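The following pair of complexes shares a single chain, chain A, combined with chain B in the former and chain C in the latter.
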Partner chain A sequence: MNARGFAPHPAVRWAIGLVVIVLFAIPIVSMAEYTLRDATTGGHSLVHWFDLFDPAKAGTYRPIWTGLGNSLVLAVVTVAIVLLLLAPTMVLVELRFPKLKRPFEFLALLPISIPAIVLVVGLAPIYLVIGRTIGTGIWPLAFAYGVTVLPFAYRAIQAAIDATELRTLAEAARSLGAGWPAVLLQVFAPNLRTGLLAASLISVAVVLGEFTIASLLNRQNLQTALVVVGKQDPYASVILSLLALAFAFVLLVVIGRIGGGTPRARRTGRTARTAPAPTRPPKDQP
Partner chain B sequence: MTVAAPAAPLVDAAGTEELPPPRRRVGSGAAAVLGLVPFAAYLLIFLALPTIVTVASGFVDADGSFTLSNVAALADPVIVQTFANSAWLSALTAAGGALIGALACYAMAGLPATGRTRRLVDAASGVLAQFGGVMLAFAFIATIGLQGLVTLTLKDRFGIDLFAEGAWIYALPGLILPYLFFQVPLMVITFMPAMGALRPQWAEANLTLGGTRTGFWRHIGIPVLAPSFLASLLLLFANAFSSYATAAALASQGSQIVPLQIRTALTSETLLGRENLAGALALGMIVVMAVTMSLYALVQRRAARWQR
Partner chain C sequence: MTDTAIATADNAILAGARTGSAVAFEGVVKDYGQTRVLHGLDLTIQPGEFVSLLGPSGCGKTTALRVLAGLERANGGTVRIGGADVSAVPTNRRDLGMVFQAYSLFPHLDVTANTAFGLRMRKVAKREAAERVRDALALVGLEGYGDRYPHQLSGGQQQRVALARALVTEPRVLLLDEPLSALDAKVRVALRDEIRRIQLRLGITTVFVTHDQEEALAVSDRIAVMNAGRIDQIGTPEELYLRPATAHVAEFVGLSSVLSCTVSGGVAEVLGIRLPTVGERADGPAEAFVRPENVRLGGPIAAVVLESTFLGSVRRTVLRTEGGQLLRMQHSVSERVEFGERVTLGLEPAPVAVRSREG
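Moving on, here comes the complex of A and B:
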């Protein structure tokens, strides 16, 4: 046995690692190869990548740009809901209603247990009313997305709150004469910035990948556009899927850096380091 | 003892949150409660109301009066088969994903959690676990689709026709590989912390007492990790069961699994001659999810014993 006791033999470690890496690389390599195919020569070229910006084919790809624009609007509004509605409420619960912390956590993690496809059945009549009153614009859909990102955003922000002495900070600021808006914006926000940033990035990642709700409520976003365009020109959809994958990877590396990189997160250790990264529901859900 | 006594309350004050803080006022009491209203209203409209509407719509007919006919439709052989398909697909990919994921975690056992390998694997798992949906469907169309790289390579180089028995990629079996693609990373994310709770001291103790490496896994490792493994397995099952987008993008026709059946019920006016069947199907899904997640919470509590 080696120093770490139960660690596998390096050969075993590498064998398993290589097999898993190869298995997961195959679809990604296939996507890359697929986008480079050139039907006219039978070989490989960048023709499908250039097609995306070809004015002659703009009509085919228009849904993608419309969808991307809609998805970006949704991402911005969803982040606004997280930062302006969820975060202040969590601070309020932490400071004034400690007894509500457990029920609040239960509610915040509940959407994990309710599949989007189930939620959409109940959302359909609600969005019918919204369509009549607020209009059929894309942005109200962000209200539904705020619920789907709730568990992830909650975890990221709560980890930052747990690592910060909010009460002490509030008392210090108040005794120096700061009003509550100043406490929230100039004292809490900077101290919770890692959690707020991680929550925002996760929300962006989830919103850009959302398909179920938009598709069944007949709204156009990036993912529904990929399906529509993919029926005529699968190459464009594969190219954009590949780009989205790369973008998501960069986002998550950034989230990982934020979580592990700041002095505060390093000092407080486990909770702060592991918590901002939960892109999926790891532990202790309802 | 007399020296220690005065120090004790100080420790308490630092260690618990229950003691009243010196100044706890955040505006007046009424204003603080008012501060909860916007978020409470938001959750009420966009979480509670849709859930209630979903459940209630399963019990309402086209004219809005109470009926049990929709729920009774859950016993229809077509619907039962759909639920069986969903359960079968979820169980299979959960088991496969859990085994492969646990092996990957085993391969990383003993590596420092802050090391480069672990960080890279964490980030990659995070992306791939999120990678469900439409984009995953396109990845597999490019891989094992009719014109996919693997399909063509097998056909041209080895003379193997993947689709000799029909285009199964667009049917139920075609979902297995794509689902594994997000199940394995989710397993790595959820199971790795449990693996990290194995202490090197236990292995040393085992060694000191004359145990072997196999003995360590048989008597210590596997019994300690079993509850976490089971919890992750349940989570993976729930994950696959509630997944919709990949299937929707791949299987454009037919409704082999429950989420696709809900799509059909929502988009076409009548299914099996009934209105509001979507509500009844959603109700069935909620029941399955509630049972799975309750079991998960139970097992997770047991598993948490070893992870401080």
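Moving on, here comes the complex of A and C:
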């Protein structure tokens, strides 16, 4: 039996798609409808959206902007950890210590099976020491986030590494006179671009949605701020939750788009793969 | 590519080309864990020479090349390029060009950028780099392919670009690590001949790793036949074929019939015929390696035809002697023999390689 035999009828596919869309759309549409409710007129208006930017209510919403700023700082530091620490380590394991690949994968995927609240139990005493030594600023929280994003970032980068003959490319570049920095920046980075971007964007999405660790370690980020503000103005927290969802959606669309190939290949309409393994063409010619 | 175009491209490269450098392995030892893969390798390659490292899988030929490239560090011995000890010099400072077995073009760069990569690393001015890239692509017959990406090229074209990329920097030594093995037979022969043509024109010292004896015989000035981490014999293709130093060389280079014999005083008695042996051999029972072209119709050996194959310019026939030994004979197409036919054979008095037989 061929694969086509298992394919559902187009009508069934549409029905499944519709159910999924409705399932996701109902809460989102409900949230949007809620933010438009106007208690004074009993109808719908954008008054709660405008309130966010009302100078008279700036004090109420200040924690949100502070939390948003903190979350963005955390996102940047977490992405830096992924790009500057995780990715080079993975390349090193791939090229120099292939026997460590399985243990490293196990370690990298482990955080996905540990609930955030359990992580915090272990992290709390560590952050007590961190607080005493380098202060209680927001950015050290990125170390914890570096752990929580590890499984997602690892999978994204490893998929790109698996699709690329790193060893051969490195040896070719070295034989042509490239030092290791040039190999990393001019050969590996462009060929792992899809994986690195996906890992970065997923990390940003995870960091912007994180609540438990920040709350239990008494740090303020976007999510904890939403909870604080939500107690005074539930409309504002729902509006910002919607915006956060929209941002995550845009990130996912961007991830999907960047898988399209090299800029030049895209301009000319070719379907180039970004990081094809050394390719075997369909037909050999001299 | 026309002859005129080839000559123009070659001359352009030749204008800036340097003479190749001498290469020397001096007692090079390489271990992988507890396994020794190179046992004190000694090999000297003259400037501009094309030397092939030939041997079966696992004989250490690729390891030797990788040690020369600096991609593997030897556990002992010295590697010299141009007389200087480069054992501790990293790959990127050895001034080599290398073509790999796997397609190794950078997937994110087009053909021009791939070819210019080595020049960019050497900070060659853009205008000069563009000219040299154009000449190198012309040399390998790929003018007009500059804006293509690797995935848009055939395997043969990719290896041509890899060759241009390796040559454009005018390296001291060109290293070829089975660059043809992923290609189909016709492309392999065409590219093989082209590599040799370019090498002769540029005079670049070239080390070519292959397990294909026909490939090595066709292009090399000298061939080093390797076995279990050692060089069994190094010599010209003719020397290896006509005077193999060991049974392994005789078996690996060219086609032979392995026949029981008795060695006595440097002479092997094969099927009742006395033949000189190659080199000094211990007396006693042995196996002789007899080339098919040294077997002829007519003589004292009675045999029956098992199979006869027409190969165009010659015919190759497999026969079984009365003693049950199998014999290959290469003869003129005009000498037709039929399956089951009884014939008599003789052996030319050419020296044969022999291997001592246990018991």
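Criterion: the second predicted complex is superposed on the first by the 236 of 286 C-alpha atoms of A that agree within 3 Å, B and C clash if a C-alpha of one lies under 4 Å from a C-alpha of the other, contacts with A are read in each partner's own complex, and residues count from 1 in each chain.
Definition applied: a contact is a pair of C-beta atoms (placed from the backbone, for glycine too) under 8 Å apart; a residue touches a chain by one contact, two chains touch by 3 or more.
These figures come from a predicted structure and were not determined experimentally.
In the superposition on chain A, no contact is made by A:Thr133 with either chain B or chain C.
Shared-chain residue A:Asn191: touches chain C; no touch with chain B. By the document's definition of touching, of the two partners only chain B reaches A:Pro8; chain C does not. Of the two partner chains, both chain B and chain C are touched by A:Arg174. In the superposed model, A:Glu165 lies in contact with chain C only, and not with chain B. By the touch criterion defined above, A:Gly17 reaches chain B but does not reach chain C. Looking at the shared chain after the overlay, A:Thr41 reaches neither chain B nor chain C. Shared interface residues of chain A, touching chain B in one complex and chain C in the other, are 171, 174, 273-274, 278-281, 283-286.
Chain A contributes residues 1-8, 12-13, 16-17, 20, 24, 26-31, 33-35, 81, 85-86, 88-89, 92-93, 95-98, 107, 110-126, 143-144, 146-147, 150, 167, 170-171, 174, 180, 205-206, 209-212, 215-216, 223, 226-227, 230, 234, 237-238, 241, 244-245, 248-249, 252-253, 255-256, 260, 273-274, 277-286 to its touches with chain B in the complex. Here chain A touches chain C in the complex through residues 164-165, 168-169, 171-179, 182, 187, 190-191, 193, 262, 264-265, 270, 272-276, 278-281, 283-286, going by the rule given at the top.
On chain C, the positions that touch chain A within their shared complex are 69-71, 90-93, 95-98, 100, 102-108, 110, 117-118, 121-122, 149-158, 162, 165-166, 169, 175, 182-184, 186-187, 190-191. Looking at the complex, you find that chain B touches chain A at residues 17, 21-24, 26-27, 32, 35-36, 38-39, 42-43, 45-47, 49-54, 57, 100, 103-104, 106-111, 114, 119, 122-124, 126-135, 138-143, 147-150, 181, 184, 186, 189-190, 193, 198, 200, 202-204, 206-207, 213, 216-217, 221, 235, 238-239, 241-245, 248-249, 259, 262-263, 266-267, 278-279, 282, 285-286, 289-290, 293, 296-297, 300, 304.
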